[in-house]
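Letters are used for the chains, namely A, B, C and D, taken in the order the chains are written, and counting of residues starts over at 1 for each.
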Amino acid sequence: MEDINLHFTGDFHAITAANNLLAAMIDNHLQQGNALSIDARRVTWRRCLDVNDRSLRAVITGLGGPTEGVPRESGFDITPASEIMAVLCLAEDLPDLTARLGRIVVGYTRANDPIRASDLKTQGALTALLKDALNPNLVQTLEGGPALVHGGPFGNIAHGTNSIRATRLALKLGGYALVETGFGTDLGFEKFCDIVARQTGLIPDAAVVIASARALKLHGGAHKKELATEDVDAVRAGMPNLLRHVDNVRLFGLPALVAINIFPTDTEAELAAIEDGLARVGVAAARSDIHIHARGGEGGRRMAAALVDLLGREGAEFRPLYPDDLPLRRKIETVATRVYRAAGVDFVGTAPRDLERYERLGYGALPVCVAKTQYSFSDDPAKLNAPDGFRLSVRSVRLSAGAGFVVALTGDIMTMPGLGKVPAAERIGVGPDGRIIGLD
Amino acid sequence: MEDINLHFTGDFHAITAANNLLAAMIDNHLQQGNALSIDARRVTWRRCLDVNDRSLRAVITGLGGPTEGVPRESGFDITPASEIMAVLCLAEDLPDLTARLGRIVVGYTRANDPIRASDLKTQGALTALLKDALNPNLVQTLEGGPALVHGGPFGNIAHGTNSIRATRLALKLGGYALVETGFGTDLGFEKFCDIVARQTGLIPDAAVVIASARALKLHGGAHKKELATEDVDAVRAGMPNLLRHVDNVRLFGLPALVAINIFPTDTEAELAAIEDGLARVGVAAARSDIHIHARGGEGGRRMAAALVDLLGREGAEFRPLYPDDLPLRRKIETVATRVYRAAGVDFVGTAPRDLERYERLGYGALPVCVAKTQYSFSDDPAKLNAPDGFRLSVRSVRLSAGAGFVVALTGDIMTMPGLGKVPAAERIGVGPDGRIIGLD
Amino acid sequence: MEDINLHFTGDFHAITAANNLLAAMIDNHLQQGNALSIDARRVTWRRCLDVNDRSLRAVITGLGGPTEGVPRESGFDITPASEIMAVLCLAEDLPDLTARLGRIVVGYTRANDPIRASDLKTQGALTALLKDALNPNLVQTLEGGPALVHGGPFGNIAHGTNSIRATRLALKLGGYALVETGFGTDLGFEKFCDIVARQTGLIPDAAVVIASARALKLHGGAHKKELATEDVDAVRAGMPNLLRHVDNVRLFGLPALVAINIFPTDTEAELAAIEDGLARVGVAAARSDIHIHARGGEGGRRMAAALVDLLGREGAEFRPLYPDDLPLRRKIETVATRVYRAAGVDFVGTAPRDLERYERLGYGALPVCVAKTQYSFSDDPAKLNAPDGFRLSVRSVRLSAGAGFVVALTGDIMTMPGLGKVPAAERIGVGPDGRIIGLD
Amino acid sequence: MEDINLHFTGDFHAITAANNLLAAMIDNHLQQGNALSIDARRVTWRRCLDVNDRSLRAVITGLGGPTEGVPRESGFDITPASEIMAVLCLAEDLPDLTARLGRIVVGYTRANDPIRASDLKTQGALTALLKDALNPNLVQTLEGGPALVHGGPFGNIAHGTNSIRATRLALKLGGYALVETGFGTDLGFEKFCDIVARQTGLIPDAAVVIASARALKLHGGAHKKELATEDVDAVRAGMPNLLRHVDNVRLFGLPALVAINIFPTDTEAELAAIEDGLARVGVAAARSDIHIHARGGEGGRRMAAALVDLLGREGAEFRPLYPDDLPLRRKIETVATRVYRAAGVDFVGTAPRDLERYERLGYGALPVCVAKTQYSFSDDPAKLNAPDGFRLSVRSVRLSAGAGFVVALTGDIMTMPGLGKVPAAERIGVGPDGRIIGLD
């Protein structure tokens, strides 16, 4: 696990390095006479680090006098939220990578004209830093099964899908390619459909919704600490959450299979309640026993068979949620009302100005990537199950011109997480055998 | 070249990650109630990035209100200047690495008591991040010769020597181990003798001083742009610089060999002038033709033979420059007056307070690591050749308790470089064949 | 004019000095060990200066290391927005002044307990600085008529009424006391009724609404540059604005007189249109010709007579808009919907948290003081005339515990103005006769 | 006392207002397009407040985004350290005031060309704010004696002399004019001679050095808490301090009278020891009993008579210490070595660059104003009595082009003081009779 989670093949490090080289090039340009007339206060490019460090969310750089750069307010995101991560995951090949990197908008002049990475002649050096990271990584499961692990744009704060190069490779190598799209149908799935499929033509044939009795109990009102106790009523009470995810899949014209992940504490009555609830509305389902019971691939046979069966039975009529030419504001409202079931969207803070600017600069045809908590369909982590009637609050919108979308930040979602009261790092160490301990 | 200079095996990335995890743990501790009563203004641990970014030299972090950390002034160093880099290069094995990481002093309480990484329970997680980076990297030359490339603490701003694990490995695998100690005898060499040898018992038998006609012409007064023109007088005028390096080697009780690196533009008269000047004072010398003429290993035979010969002829009586129990201030003065030939040292800025604190806290027995320009024996890059009579200015002293030395910052030396007027990155790219171009 | 507008009797300077002494006491407490455990990030007290200086709106103070204070984010307001200004204007006498100053909440501990000026033992020194400023200033008109000019809390960003000591003095010295309450009935008038009258028992008998043909034309759609041209239609189109002000007066149970300020460019048709529009709905009106035509007191006779007549005819049944025990949020909504005619209020940014905190700390019974643009009934300066259906946006709420109200900041209203493209200061100077020029 | 020490006639407030209007004009210029190409990092004009507030020494202003100014590092001084204070005290009349205000250098362009207040068209508005403050203030002693109290540039951080307009007025109104020059002969006196006399032609005829047994005991080694105990030996041991002041007076060609201020705890033996020590080297002396014994004017008769006598006996041959055309660096060295008796001067930090810049810009002919502790002849407050052999450390030099001198900041001298552990403000209040208490 740690081989994947720590440094792995260095892709995240390469992305971090490229992200921060671009930042250094911007600040150096300001320092060296600022031939492009960049307004230091309108630089939008942020630095990144792959660490949970809330103290870097808002910083001032360039302090110390005329030889030490130009003072300006900025901040750091976590690496998965870097536009470079999204660019890497959406690039078809090296030339496309270079072109996308060059299109990145890093800030604006005083007259509000955009400045691109290509204006700073940086796209080549960024490509050089990323050229190996662009290649997918092949790993194997404990049973020796192949898996491609490549790219990590979190589904809550980014577009939530692995690299399209990995997906294309998987499609070439196997009969079926399964793509994990981070978090629920409101996040990774919607983004796969509206961003990835739209940009690349990689049209999905079906979607598997992962469910568990534990999660449904939580959505059904059970306390977080009592999820190991049988509570069939809570399972039933939580079913609207699952059904809404299924509805969301169908909203995009795709057949849905619910994979019920089995946990040791689940009871047969609970699992039956899920199956019963799904059957009543005609939703295909299959139990899956891959992970927790350590049955591995064998535990996934039923689910795989059900999926193959579904693909044979139901054809897809994939359609993205909105057309390209819908204004950005309306795109966000469409995702919010149709996928999240919000009553409406409040554009606060800089969001109205941001959207107006992107439309004016010709970026109105881009799809939107909503950064939203994964704990709720709404932007309030406390609103569980299947809330509606709420209003989604968009406080700012960032342009990812290289990745090819705009990012709407909702609620209190942060693009740089913080550590907790007792960080996991306090428990981690290296044992006498040289193996990492504490990564439970 | 780029495989070594860009990401290589990820050691620098691992060091960067560890350095910045420690920073995040400190700021998180401040945020989560500050049980250790750390004074945010007395946090000395800095973040790092492996990029030339002057705008990160002085920053304010933790802005944005009570949920976003504690505001404080800080800064970033380049990764080679991180204490983690020095710790990695000086650690004997994993337990020693963990122990050293735990000893790192990251700041002080309001009562000026030191706070260590171990107080934050971070040494284990840091070790986990570094456990693979601790292993030396074996690469091969174009001719297939083996070389260990491991660790990169620059000799001007850090202690300038590769990892001792690499050196110990080399000593086991071969008859002779050559260690490159960054820059001149005033920097990497002095630090190898006074820090590395002192800490590890790795006592050198001889030192090779690399010289070139071009460098001597520069020290002898020739203009930087005319180094390709024959100028025997300038070579002769620059000889005091070379002879001082030889003297410095002898100061530590070691025999010295001067390797004269041959460049295509050198003339026989110039090379003869060097040899003549050395012979006159009985210094061993040999021409070396490895790099520029692409003669490779063959071009180094003479130098190697001369070195073996020297080792057979002259025994070493190695002695470090100063005893452990000399006060820190006197150690700095000793290096300055005996190795750099300064008339004296001015301790300005926070340096007097820093030194007083380290002595008081019991760190007075540590050796000193002077951060100084590599362009001059003095702290003024413009003072070429063999200056004396100057005063060395120490403006602050940092404690590297994990690495086991204190770092004295002199002159205008920066632990975070800046990019130039036209950064090399502007020329770099990836060619149609997927190879990096512009890294000339 | 400049004797009143520049330093006058130094009241503003005294308020500035008191405001900033309190700030210095807070920061000194943080520096000297922080016995009260104030959370530097939760200090709410801001410094002030009586200058338009946008660069002081958001600052970081306390930089430079452990001896130079504690770094924190803060800002400056213009002096009329200082709570000290409000306190001075609402204080009955020296003991009340001291008590109010002591009650000022300057920030919070990490546990969110309030810290008051009295916790810092500062109320005495503040009183000493303000003791002369507490006394009203008597000036005379060009004709020798007496006027009390005392206190200047702007009606847009503060409570908009001169000191109650001046009003009480006027009531003792004359038959009638006229109080200027800054800007329209939505600002100074509402605040006089809901804050000043509520706190002091100074109940008004009637209200004079000042109108002009020029203003009505602007609200009626005429261009700012064409107000000197006759446009009876625009006057009529702007009448809803004036009538709403009259309605607002009646909302508080007071009789209203409209004083029509005559400008040289007004035409008889325009003035008649105003009178006609008012007469149609039974509103008393009188032309006033005091200022522009330089007729002075004589020009005000008609208006004065009309007011005396009105007072004889219509009795007041004064009632504030809301009861003390209405929650703060509801008070703001009441002002917004009933006085401004908003459709509702959006509490964004820190406003919800702010209000929750004040309720929890027992300040829920205070009246509210809405900081809002004077250019519109709404919080959008561009919405002229008599808009409705809009939503008021409250982005933060400040507690003025010493003054005895909370301040709701709406829209883009700033408590520190900025200078314009060509500041008036560029034209100001002192002529050869020692008189100030350029203050047109 | 408080009438003079608190707001008095508002002169300090007017200076504060003018100082900060100039700052607002600079930042507004940066905001409004920066037609003058000012480098925000090279703005040298600081804001000021008349309060001890260390947290304002180093601040960052202009934060919050493109509409809120340009972020830059700056700071506040205490009002007496403002150049406006010095300008007011040195201005002959309104036109001279305006001219001086216009000459103030507020910063530099990126090309290091100076920007003046006149470039911002601000000198007129500043004059308007200062026109009344320019007039001297006449107060009376408890006995009804007249005194002019006008201007307050502290002698340690500024030039230490009241306004020349007050001095000229005194010379017209009386037979003798006594000018208090702040602190010792090393501060106010030297500055009067080298700055004020040089600029204005107001040449002194003699100097009165104020001495006391208490001060001499402190300089002679007695503990601060035992100054009330007779200690004739300590008095004698402290005499070198007094004699050096007398020497300094003579250095400028002036006759000196020592006025011995009598305190209740002084003993006759102590006073005699002083007189004896002075008589031995032929220095005129007289006891003075004005203040502490409350004998008032009567107590000063002897001193006055002695002064008149001295003036009749000894003629002055006034000469400033250095010629105008001595380089700035040499001027500082001359004051340091001849008046302070330093062994030499170290120019550290930005001082060498500062001086080089001022010479280059044509300000080399200005006199120097050294900011130095008043507790010692040296820049170290702990070095009492008559130290020599020390080195003076100059860490930065500020240009006061409007006042007409450069200010050299030495040692740890601060132009913004801080409050103490228990600020006097905690004891201050207003009594029931409306009188201020706690101002002991």
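The working rule: contacts are C-beta pairs under 8 Å (C-beta built on N, C-alpha and C of every residue); 3 or more make two chains touch, one makes a residue touch a chain.
Computed from a predicted model, the values in this text were never measured in an experiment.
Engineer: Which is it for copies chain C and chain D: same residues on both faces, with over half shared, or different residues?
Structural biologist: Over half shared, hence same.
Engineer: Could you pull out the chain whose C-alpha mean position is farthest off from that of chain C?
Structural biologist: Using the mean of the C-alpha atoms as each chain's centre, the farthest one from chain C is B.
Engineer: Once you find the CA centre of chain B and the CA centre of chain D, what distance in Å lies between them?
Structural biologist: Those two chain centres are 49 Å apart.
Engineer: So how far apart, in whole Å, are chain C and chain D when each is placed at the average of its C-alpha atoms?
Structural biologist: Distance between chain centres, rounded to whole Å: 41 Å.
Engineer: With chain centres taken as the means of their Cα atoms, state the distance from chain B to chain C in Å.
Structural biologist: Centre-to-centre distance between chain B and chain C: 64 Å.
Engineer: Multi-chain contacts only, two chains or more: what residues does chain B have there?
Structural biologist: Correct list: 60, 63-64, 70, 73.
Engineer: Write out the stretch or stretches of chain C touching chain A in their complex.
Structural biologist: 60, 346, 348-349, 393
Engineer: If you look only at chain C, which of its residues touch chain D in the complex?
Structural biologist: Residues 2, 6-7, 10, 13-14, 16-17, 20-21, 23-25, 27-28, 31-32, 47, 49-64, 67-70, 73, 94, 98, 120-125, 127-129, 131-132, 418-419, 421, 423-430, 434, 436-439.
Engineer: What residues on chain A touch chain D, complex-wise?
Structural biologist: For chain A paired with chain D, touching residues are 33, 39-42, 60, 63-66, 70-73, 110.
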